[in-house]
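Below, chain A partners chain B and then partners chain C, in two separate complexes.
== the complex of A and B ==
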């Protein structure tokens, strides 16, 4: 049974090579600049305002790639305070960037210029769980791991889990429609959210959390519009999440595969033999494995083989004997180089650490170009191979890993010599164009943030982007909410 | 194993008492009236136009409560034809009501006045299934049962199932965010829809189906806005649905309970003992049971007891032995009056027919006031008891049944003497107000249609409704799409 994992908190790791900040969009000239009088006014409306040097850590993103120049961080304790801050900023044309746990990877939660940071971390009350329905109601600032621990006490679990669980907030998860490792079992967070309270740019509180039951078809799905909009349409303050029952018995298998085709066959066999107890199917290639093993010298790969892929298959069920029998049948049915089942909880944790540790391992070693894409499984790994080939002459490390059960690849290119324009130019827009050509998504689960608005057109039609622009202007007519993010300037 | 059921098709049953049509909203004076020249023009743009007497059946809803006066039904065969019809109607200010299988229960898919009917039933191509991901792509007009049969051939299933499966279309399911009997297992259709193509009021085709993978976080969730908007924001033409793997082994238990508290305990025990194989928890009270037994003289209730509740518990799993063992444990753990497990597929079908036959059984017997609400399980059945008490002096039949696993109650009041204003006045708005007082939803899964716009405010705040109105005006500035539905006139 796995109740805790090793790496659950994003750390601001000491990086070998400091990254140059990204080139940023030009500041919108219609936005005002914060004056001392504004700070005084916001102090009167919000119970906590962080200023000066204390505001600095809120400006720099976890990836160490994006840095804003916000002078203040507003940390409201209530929805009313959020409303008061936004109403003021909207009136004064002051831009606002909402921030949760700041674990995003596309620069969505840090300012680009001098936007006011609105941190939701004090909206951290868990209001309660309806044990009949499994719906939990809580503030946007509740940390995912805290929420999950609370739910487990009552035999439920959060419908999502990800490496940053110890730091990220449920509000940030919703704002980015975060995916993670339970997606293959429980589907999208979007599907689990049954109620939302949010505040519009002008300070209007929109209460769509009056009913907190699983079924409610009264009118348009306003919460769904907010989910995944990355703080550009409103600020999420409260949510109602339908949570699955806890499946208390957990097993983890660790397999070595000789090809990505073998990885795909593992997935198909897992679906048919493990059926409803399948809870995660993750993969790492050799590059990812080497990086994570190097970063975790205390953990050994239990499989002594040079096979180029590892697959982590997790089951979660309500009957230990049945689950073990299904796992046995799965192991008999697959044809792989080698494999094992974690014999203890700590062995499970170690395997999960290897998988979830890849991202940190890459980032702490050099400058990393990170891509989060979904691709048709039949051609998913081709992108890693093509990237390796394309950069062969440049002495960089290419790694592919991710949620193979959801057709979600994380492609990382690590350069221990630091950022090089030459590498960047070979990767972008090429990676995104390759993905779009295969009808994949250029952002599977990490969102668009400030890194990808100019590539949105690769996945979305002109008509779809125009409509997004129209909706943005209805919800935020002065365009103060998280500017330079998600949508390209051309549709505004 | 249950592969087919008895009642899968809505029939226009001969009703004992014809119902008066509902009082309807006043016709919007800004809308044009269809002229002969318009019909000629639409004939040039759309390969099939139904006129005159042939259009009549499309005007009257399945409930026999609502009837429009559309002169024509446009039945486009392609998205381009849908676009051409809408562009013309938008330019001429002709209102349009989109119609799928016409099985809705709130008058959403029939015109209120003389709106042009746009029938999607010819958009019925299943484009294909990606067997790696389980995502199926198909036209909006594909009948749910047809889609499910196609998926089963490939070891997947549709993520939803409902009594009208043989008639309703997947486009209509999406437009109404249909719930049904698999919701407890697979969640909302909203969560399963990973891509959508739709046409805006002005004929613009919005293609959000370029990627058809489970994860895609590129921009705002336009498909989600369409889902559940009941044809008022656009016309859904194509969809990509992520489908669960088939769980081939099915069992059905049928239990008799002495109180609704016992029913609730069955649900809790089912969750803990059946865990991940639980696929439906449905209930019927005595009124519902009597009605369905009367309508199906060929089916006997296998439990010879007067206990006032029946609960149908279905499991679906991938291992017959494990599933049987879990079912055994479940049966041992519950404390109910009586119970049995269906020994054969036909016995299972018979039990499902009793459950799914309630709605038809009530409707064919007299005039039925139907309510579809969700309520906190602890007080869910109170509404049925209060209704019975309230109408005690009026000699009507009150029945409660539904998806107890989703806290979704169907409350039916059947009057064999036909419609009576006196009954109606005692039921509405009282039922809706009672539900709202308990923080339940006045429309759990059936939508708002033309029956409930004036009650929307009971569940949604003024701010939420105003925002819905703003979105409507952005998407459909001339308000031609399905007028008089979903939103109250006050927000437009």
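== the complex of A and C ==
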């Protein structure tokens, strides 16, 4: 039950670790350039247009790795305005990048060149909650934490939670099929999303958010097409999310493991002994732990052991006594170096801060190469070890952490001296190829964005990529929606 | 010379992070289906007792709690932190409001003190539900013992203790004779997390249950709760258009200029 969590905006001091401009895809020559007349026209169609210097922050991604050159940001307040903006841009062949909370890690929500930014943040109405079904209907721009707080008032909870909850929007979560720490409990957002309203590139509003039914097998599941499409197929304007009931009794155990095999055994035991109350299984290695402890001097690791792994196991249930009994059985069944249970909510929050603080801690220390991969659990940690070995001579910090319950590894390499071509060249495409060799996914939950289209083939067959290209052309024939993202130019 | 025994009072309260709700009938704060934890100040008192033991300054730390059956979970936490045994004074009366009077709480503890004969009683400075802050002073008075409330540090030396107390104007250091009652304030220490082996050991440590009604204390409440209501919702702020606007509002609406 973590409340106010916000992504810390990095200071200018930190920005001194700036990367050289990331190599970007060449601008599509079939796209028009925004003229003054277009701005005037869009102003007539959309109640808020941001221009000039005020548009600059919308152009830069959170990690300061990607920066676009959009002249204007359209911030529509209604679906009709979204439709009007898209219809105009489609007719004039003006490219559009849809943006939510801008917390993505693959540069998907900022323009690559001069695309018009379409910010969904004013589509932030929570229409209501059906208490019988647990389905909440809300605008795409509602901030995840705001939605969760609303749901908690009614004894429900959002089916996903992630470190950026205070900033990211539900529309962005859907567009990127965000994962997070509740995946192990509630599964993919795909399962929870029972309806979407979206706008096609030509401005057509497709309303599949009319009902809050949990089951509806009539025809193609169009919302599924939009989930994870990263703004390339349409603009999500409204959604219906099936939400689980709040489990008010939360416990957090913090364990020290001597090997990744031990970590895996903890997971297996957690699944079998905790069952339905298991709500998160996260891990950190020594590199990640050291970074987060350094960034949070007010928090101590309650375990005074050099063991190289920490595992955070969370339970959430609706019967304190029953949950405590299960937790006890779990603690008895595991064989770990050391462990403890957070006695209070503040202690739980402190342990969660250690886990969720890793990403920020790495980013604030230097230039970070971030990888988010799925791998078979048995070989998951090998990638971190291989990376450490490969970069041993370069004096960089390597950290592995993530959602061990979903076999999702976050591999971070931090270079305190800033960006170095040498490091980059050793990491890419090597990391992606290494993952592909292990039959893993090069993007477990962060998406493809502008950082990985050229590696998509490592996970998708030629036929699959061709079909993606065909679908793209059906939904967005003039290819104005979030160009240079997700799909490599070769399939268009 | 080390103390023979330290008695620690621990109370089960609604977890501080829970957004409390008032029951529909306005009778009190809703306790059903709400996460409960050890009162944070009791946790600090408990930690201090265990530290005294670890420093070899006392031989035994005994935790005591008054409450329903589930108070045993709080006592198990105290045992997992490192207390040696626990005493559960059982009652179904509410302990936050309108159930057991603060005086009855002190009197029940007095009975346990008379039985256990500790050299020192440690309690939290207040519980975060009832917020009375009366247990330590009342208990000291009933026993005729020294008291040191709002302790920020505690140094036990034979038959005396030096206590740094939090006051509104800073801290003061006092020296008291033992036996004494000391109440823990926030800065006294940072409580530990119960570790795995100790959680397991805690299950086997002795926990004695005593019916509150059997201790010869008048448990009839003298405080009547007439009604409980949530605080009024705060009005949303407004964005002022200009500095002049702001000055005008500060002068005329807020009347602070």
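In this text, the second predicted complex is superposed on the first by the 476 of 492 C-alpha atoms of A that agree within 3 Å, B and C clash if a C-alpha of one lies under 4 Å from a C-alpha of the other, contacts with A are read in each partner's own complex, and residues count from 1 in each chain.
In this section, a residue touches a chain if its C-beta (ideal position, glycine included) is under 8 Å from a C-beta of that chain, and two chains touch if they have at least 3 such contacts.
Keep in mind that what you see is a predicted model, and the values were worked out from it rather than measured.
When both complexes are overlaid on chain A, the residue A:182 reaches neither chain B nor chain C.
Once the two complexes are overlaid on the shared chain, A:71 sits clear of chain B and of chain C alike.
Using the contact criterion defined above for the overlaid structures, shared-chain residue A:92 touches neither chain B nor chain C, since it reaches no partner. Within the superposed three-chain model, A:102 lies out of touch with both chain B and chain C [touch as defined at top]. If you count the residues of chain A touched by chain B and by chain C, you find the higher number for B. Judged by the touch definition given at the top, the superposed model places A:310 against neither chain B nor chain C. When the two complexes are overlaid on their common chain A, residue A:331 makes contact with chain C while staying clear of chain B. By the touch criterion defined above, A:365 lies against neither chain B nor chain C after alignment on the C-alpha atoms of chain A. In the superposition on chain A, A:318 makes contact with both chain B and chain C.
In the superposed pair of complexes, A:277 makes contact with chain B only, with no contact to chain C.
Residues 318 of chain A touch chain B in one complex and chain C in the other.
Contacts from chain A toward chain C in the complex involve residues 1, 3, 248-250, 254-255, 300, 302-303, 318, 320-321, 324, 328, 331-332, 336, 338-347, 349. For chain B in complex with chain A, the touching residues are 130, 132-133, 155, 176-177, 179, 183, 187-188, 190-192, 200, 204-208, 210-222, 224-225, 227-229, 233, 242, 245, 247, 264, 267-268, 271-277, 317-319, 322, 325-326, 374-378, 403, 406-408, 439-448, 452, 456, 459-461, 463-465, 467-468, 470-472, 474-475, 486-487. Only residues 15-18, 33-38, 40, 43, 70, 73, 77, 80-81, 190-196, 199-200, 203 of chain C touch chain A when the two sit together in their complex.
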